[in-house]
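Okay, so subunit A shows up in both of these, paired with subunit B first and subunit C after.
Moving on, here comes the complex of A and B:
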């Protein structure tokens, strides 16, 4: 993943800082609440939402189950339509392929459509090292790039910035990258959008190489689909002579008809629109319309490892709509940066530790970045049971076990730092299998309840740092049951 | 081993636990969702299209075949356009009442040249009522994708009711995936500032739709 995220602290530490940032909290609350209400309305407009969701889930599951077949079919149809297909097992390989393709054109700059896959592999940084400048053209990506910032949301990477901050960044930084911001720029969104239009237009008009991702790839026809709002996608997809698309292998759907499901569920889930302003579809190259050279880079980078996990593989159904971020109480308070990945929020908490493994501190902590409230599952348009995968990944972190990394089966050792938890569980198992000891222990606990501390000492302190210790009742349940004959003599 | 073989090998090993399933795709996925939402007459469908287009800030005009040239001339005049991009197969009659300079859609034109043209006029392939969407497929009366992108003012003529469908599934059925498609729902917009929709970024900031029928 992007180098900018390397060495991130674990989620609780990163989040602690974020929750004390009043501006950030305000920005996130405002944005997520706005979109939440709109999404509800947009979804309520279609009476068959549940059926669309189920169909989306099944299409994706079927595709994943036969992914090898559909990848080969896609390769054939893209090639037949005039495109060139490349395969990249990991980020480094994908970056090398794209760098080589750009160099072959003789150009030293590219315009980019917003793409999660290229962020995941750190393409901009890799190109920069080779002397190629990548211009982000999505408004939010532009804000992040100009502000030397990191993305904090899948759909709106600059969601943590309010209009005043955006104005500041534009006024200060645009001149470094090209056309400066207009004199007297105010913070009205329309003026900020206009400033971006003017700043980027010269880049679009001279661009010879475009780099994109794709929302969908249709195996039977070789068609790629990009869903967007601003028209920057259309600029990058049609004006340059060469187009390079880097797409995760899980983005395939089998047939053209399958788009009828996702083109209904994706816009309503992400921007809460009936339809997003622009959707482009292209199949290879077209004579005298758009790029003459089209390259598709199929990216694995941890996806096949995720596919190998029976429970976790459902994360690959994700269509990157970001509805789960917008409803998540943890995301709303902690913000996207705390997740230490280009994929923040609930989906990030199950995707990052699977794509990258759980070896780093941040990845091992992500499955815990949730209250398991289930709001994410409820809004997910492809019904990913995020809480189920979170619990599954917690188990993997604590207990270790067999996982797949870079295509190889390896055995994970149980995580360190869960010794107290494991000791407590062992003690519980011992007590619960010895009724006499349990009874004695419970009675003892009840009688000494006045002397119980409110917080735990030693390693238990972390647990009671954010919770009260539950009070012990005056009488154990089993004694009460016995004394009142199962509650019948309650008055006794 | 090539990366292709490596990735495909990983996929196959990852799926080793999955039982074999040879159900043909048509039967593998239940499609219990609707073909369209609600029942409408043809006229109501056209009305819904107009309503949804307007809801996303497209400017909608309605006329008949006889009035079209007059409407188009009026739109270009009001806009103050002195030039208009014209795809090769556009019905000449649509521009019969205006004298603005016609600029042909040619492969040789540079993006900078297109940027100097005030307006563009095209037909469309299909329009979707439920979502307020126009789909262009690069046919001769719609031209290359870029001509409806670079100029700031797009006039799109929709023949109603023939070109109007109710829903996304119906539209996909009519469209040819081999053609490069552009789906347009209102003028260019963004939700990137505080997740609030603002019209007008890189694509045409003014979209005028003329429903002819």
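Moving on, here comes the complex of A and C:
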């Protein structure tokens, strides 16, 4: 993947272009509305959905509370099953570990299972710098990689592309990476899928090293779980001699029994399927079957710091289903790229500023990339109250306060660029704690109403650029009340 | 019953007709309403923009003004949700920050007795037919904080269906946010405007004369978009429809 999110502008600026791109708007509207409707049907079929949601939340909260214990248990289980566990504090360390492991095999290419964790750390770029080529094998990730593009969705990274655009990318780019697209390729789904199948098959059969993430890690047995639709993940997990899995530390569940909940809620929330077509599980290595060597790289990269925040930590319950993206009206208009992260949409708006901090322009703007409509919270299968965390992170941006960074408590200063807003909020607080001042302001507005402009200058243009101002009435309600209901005016 | 009208700062300043409609409607149903003039603002804009510490004195002021009433009625889903959902959370946060129970205790009395208007009518007064007459075609937009915050559900629709002369038509994509979102409308003006335009297009596709909602701040955004796009529709607060009668019809 050659696209990068480094140096992204703030969300409103990044979103502006997408909002006015009619093709993109059409692609996103079609895709999100389709999956939204299907999810609703798939969830409505389950009579105990609310209980499953509550159970998923509790399992995750319990695991996060005892994460230290479960991580050690997992390490012991994986080691006992013949795997090797590596610990990575941040992206750089994880990339160095994976690069070293690949080099030790003597290979210069790897096949990849779709994985958010390896996207998060920029593994493909890190491998590229060391002369190792990483091939994405998930269909949508392949489209993104061939198109030198960036992912715009967690589950459907090429959601911003339509069939015609995908045909173009295949016809133009496949020959650069391996087997070219068939002559006369059209944009019918079956032909596009067949072109990808032929292109990828060559890589599966040749690859000696596979790289994956995981949806779950079972502490009691050291088993990793990947759920997918295409079977390409299964190829990468079984054919190569060496398998390296990079997994965020929050992906643990204590027991196999806990999977029962998530294997119901995840497919219905993500692809709106009762059950995903492929669920691969593996426990260390097995003689004469599958990879000979298995390495698990446990990734922190800001997760322990996030866990220290009692409001924000609920973001770590996320199982990456992307239901919140599909239902989000802001994501639907702004598209995934505007979020400046491999985690777009509502969950990205609360994950990125926690994993990366709020120092950059894009990360400080993400908590505001929401109308707080609450649709994300409603569909979340592990009940992450995303609006609550968004508001909490807004506080962090404008008020500052204590946060944990690399394990140390630090006090953040209020972000710059909010001075005028802060002054306005203080002034409003002053007036609103003095009813007399509020009434004076209202009367002033009413008496000067003939002179109010239809459009506002400066920051007011943000409103009047697309919306008319409401007319100010001849008198505020409280004056009418005073006139008609009399009584003494307590505000004098 | 001592019922207080919490009109909200936006309605008080910009939409006095909504306030007069609530008073007229409740009086007609035999409820005596007081408007405590010391009321100002619930602090929602401060809280949701990240200024929780600025919102705290406003919440305390709200509680001081309203705590002695038996019921507090507000024609705003989002301000109602602020009091019911977020005041307790503000108290919890203060406690978690080691500031003790004072804020939680100060705010606790107003939380359970604050009702959004349609909740008060349906749940407390137990009426769905309020004797209203409104001979227009209306489509209803459930605003987010009323829908998902307070869980108003079918209440507003049940009230509207009982209005004489009113033809209710379904709004496509009704549960999608209109894009107002308080300071979101200014901070992310492009996305907000795109959401507003889609909402207005959906509303116009129904052929209704009126788009009705239970929150004037959302209607300010939708209405401002409607006139800019020249749809010919008008936004009307549900209180004004329910207050309208054959003797005194509202527009």
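Here, the second predicted complex is superposed on the first by the 446 of 492 C-alpha atoms of A that agree within 3 Å, B and C clash if a C-alpha of one lies under 4 Å from a C-alpha of the other, contacts with A are read in each partner's own complex, and residues count from 1 in each chain.
The criterion applied here is as follows: a contact is a pair of C-beta atoms (placed from the backbone, for glycine too) under 8 Å apart; a residue touches a chain by one contact, two chains touch by 3 or more.
In this text, all values refer to a predicted model and were calculated from it rather than measured experimentally.
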| item | value |
| --- | --- |
| Partner chain in contact with A:200 - subunit B first, subunit C second, else both or neither | first |
| Comparing the two partners subunit B and subunit C, which touches a greater set of residues in subunit A | B |
| Which superposed partner A:282 touches (first subunit B, second subunit C, both, neither) | first |
| Touched partner set for A:310, first subunit B, second subunit C, both or neither | both |
| Partner chain(s) touched by A:223 [first = subunit B, second = subunit C, both, neither] | first |
| Partner chain in contact with A:440 - subunit B first, subunit C second, else both or neither | neither |
| Partner chain(s) touched by A:469 [first = subunit B, second = subunit C, both, neither] | second |
| Touching partner for A:41 - first (subunit B), second (subunit C), both, neither | neither |
| Set of subunit A residues, in rising order, touched by both subunit B and subunit C | 310 |
| Subunit C partner contacts - residues on subunit A that touch it in the complex | 11-12, 15-16, 19-20, 25, 310-311, 329-330, 333-334, 367-375, 377-378, 388, 391, 393-399, 421-422, 425-426, 428-429, 431-435, 438, 442, 445, 459, 462-463, 465-470, 472-473, 475-478, 480-482, 485, 489-491 |
| Residues of subunit C that touch subunit A when the two form their complex | 7, 9, 11-17, 19-20, 35, 37-41, 43, 45-55, 57-58, 61, 89, 93, 96, 144-145, 148-149, 175-177, 179-197, 220-221, 223-225, 227-228 |
| Interfacial residue positions of subunit A with respect to subunit B in the complex | 27, 30-32, 34-35, 45-48, 51-52, 54-55, 58-59, 62, 65, 67-68, 71-72, 75, 81, 86-89, 93, 137-140, 143, 155-156, 158-159, 162-163, 166, 189-190, 192-194, 196-197, 200-201, 204-206, 218, 221, 223, 229-232, 234-235, 237-239, 249, 254-257, 259-261, 263-264, 271, 273-283, 286, 288-290, 298, 300, 304-305, 307-308, 310, 313, 404, 407 |
| Subunit A-touching residues of subunit B, taken from the complex the two chains share | 2-4, 6-15, 17-18, 21, 25, 28-34, 37, 52, 56, 107, 110-112, 115, 128, 130-133, 138, 144-146, 149-150, 168-169, 172-173, 177-204 |
